[in-house]
Amino acid sequence: MDHLDRMLETHPHPAHSDGDIASACIRACFDCVEACTTCADACLAEDDVQSMVACIRLDLDCADICGVTGRLIARPSPRDADVLRLQLQACAAICRACGDECEKHGRHGMEHCRVCADACRACAEACDAMAGALVP
Amino acid sequence: MDHLDRMLETHPHPAHSDGDIASACIRACFDCVEACTTCADACLAEDDVQSMVACIRLDLDCADICGVTGRLIARPSPRDADVLRLQLQACAAICRACGDECEKHGRHGMEHCRVCADACRACAEACDAMAGALVP
Amino acid sequence: MDHLDRMLETHPHPAHSDGDIASACIRACFDCVEACTTCADACLAEDDVQSMVACIRLDLDCADICGVTGRLIARPSPRDADVLRLQLQACAAICRACGDECEKHGRHGMEHCRVCADACRACAEACDAMAGALVP
Amino acid sequence: MDHLDRMLETHPHPAHSDGDIASACIRACFDCVEACTTCADACLAEDDVQSMVACIRLDLDCADICGVTGRLIARPSPRDADVLRLQLQACAAICRACGDECEKHGRHGMEHCRVCADACRACAEACDAMAGALVP
């Protein structure tokens, strides 16, 4: 089902010589959109919703920021590196914050939070790598 | 890197007994967001942009609709089936329209359009399957 | 600060002779994005979050669907009327569902829900009007 | 039709004592989503699309970033100031870049670009003001 790599390969004028980093970043962003969107819904389905409020808020912000970051990186034509860098930094920051909060709940047996924490960390690292690979 | 299946499995109260159809639909939606977002950018990088205008417009609409459809299905708690059905129908319709347009350009050697057409068709089918599996 | 009407007036080839209905629909959609996004956050800040779970879920779906519907209508070039009609129907349906739920909480003194119900109803009506004005 | 101010006023525990700056920022963000979305579609409807490619790309990025920034600020509960600051900086940066490009076309008589440039500049300023008002 996966079409991303072939899309990036067939782009007429991509900005990046190394499409693998961009591909990994886009994938990690949308993977994190999925995880955080499902995690917020799962948190709302827990018996003690009150204790999940901080997690739900971070999940919502994280899903939104990852979604727009994924879309930006999925446009491979040359872009203003400053904008991309700030967006990638915002994305890495919310992913770390959300991953930390989810990790806490994961340690207390909340399995969807543990998995979501994984997705958040992977996305933070992929955004860092992408920021480091930006053509200035 | 993929966390979606584990997220859906660990949700406390999912609406659907069959998570595989939902999982396939979510994946196809975000796969199509990626493909259409990259395709619009690739079309803008073609020498003859003028001939790609209809394709770019469909790509933009398709990426937006697939994105919101993916987010809705990624919230597995019980939902109003009527809303989901209409959203899935809108998504299948734009995916078919975008896939048809991309297919035309693909036949004339525009490879990113050919790949994008694949992603669109796969998403249309996944939305049809999901609509058929909705718990009323 | 409002630029929407001038944007629609200066579009080279809009599909609609009557830009007022489109303008009202776009405005109502983004007004509802704001209301539902703030309402979900406000519900999460209530003492008894548990009783707000259904409202939060509808707020999240409604904000997402209104956002994409507003973007689609904000692209005035001719579009496939079937896709727009389904998207407008999905939007009106979620706005009515979300408005009904918010209205219940509004009657029990939850003021942000009462205001959000207003925004949802206005958006449902604007989407109905827009669907009726679509050029087939 | 406008419900935003009443939504912010009735939030149980907003982070900001001064809701006017947040309200102006949210409004400017969604105003810019509308302007940039319509501008990209209008650029695609111009006779010489080729000369509008850079503008279309900036419009698309700007609409996406403004949309997510508006949603984040529309959640008034206390948030991580670092994430918000980075997101507001990314938003101000893309608004300036998009406003500069639109301004050029506006000077050559492209009226929708002139209006869009206004919306972009207003949003950049509103994001700067909001960043300055963040509670650390």
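When the chains are written out, they are named A, B, C and D in that same order, and each has its own residue count from 1.
One rule holds for everything that comes next: contacts are C-beta pairs under 8 Å (C-beta built on N, C-alpha and C of every residue); 3 or more make two chains touch, one makes a residue touch a chain.
All values reported here derive from a predicted model rather than from experimental measurement.
In this assembly, C is the chain whose CA centroid lies farthest from the centroid of chain A. The chain pair with more C-beta contacts between its two chains, of C-D and A-C, is C-D.
Work out the mean CA point of chain C and of chain D, and you get 19 Å between them. Here the spacing of chain A and chain C, counted between their Cα centres, is 27 Å.
Touching of two or more other chains is recorded for residues 40-41, 44-45, 57, 60, 67, 71, 75, 77 of chain D.
Of all the residues in chain A, the ones that touch chain C in their complex are 40-41, 44-45, 49-50, 53, 56-57, 60. Within the complex formed with chain A, the chain D residues making contact are 57, 60-61, 64-65, 67-68, 71-72, 75, 77, 79-80, 82-83, 86-87, 89-90, 93-94, 97. Per the touch definition, chain A reaches chain B in the complex via residues 1-4, 6-8, 10-13, 24, 26-28, 30-31, 33-35, 37-42, 44-46, 63, 67, 70-71, 74-77, 111-112, 115-116, 118-119, 122.
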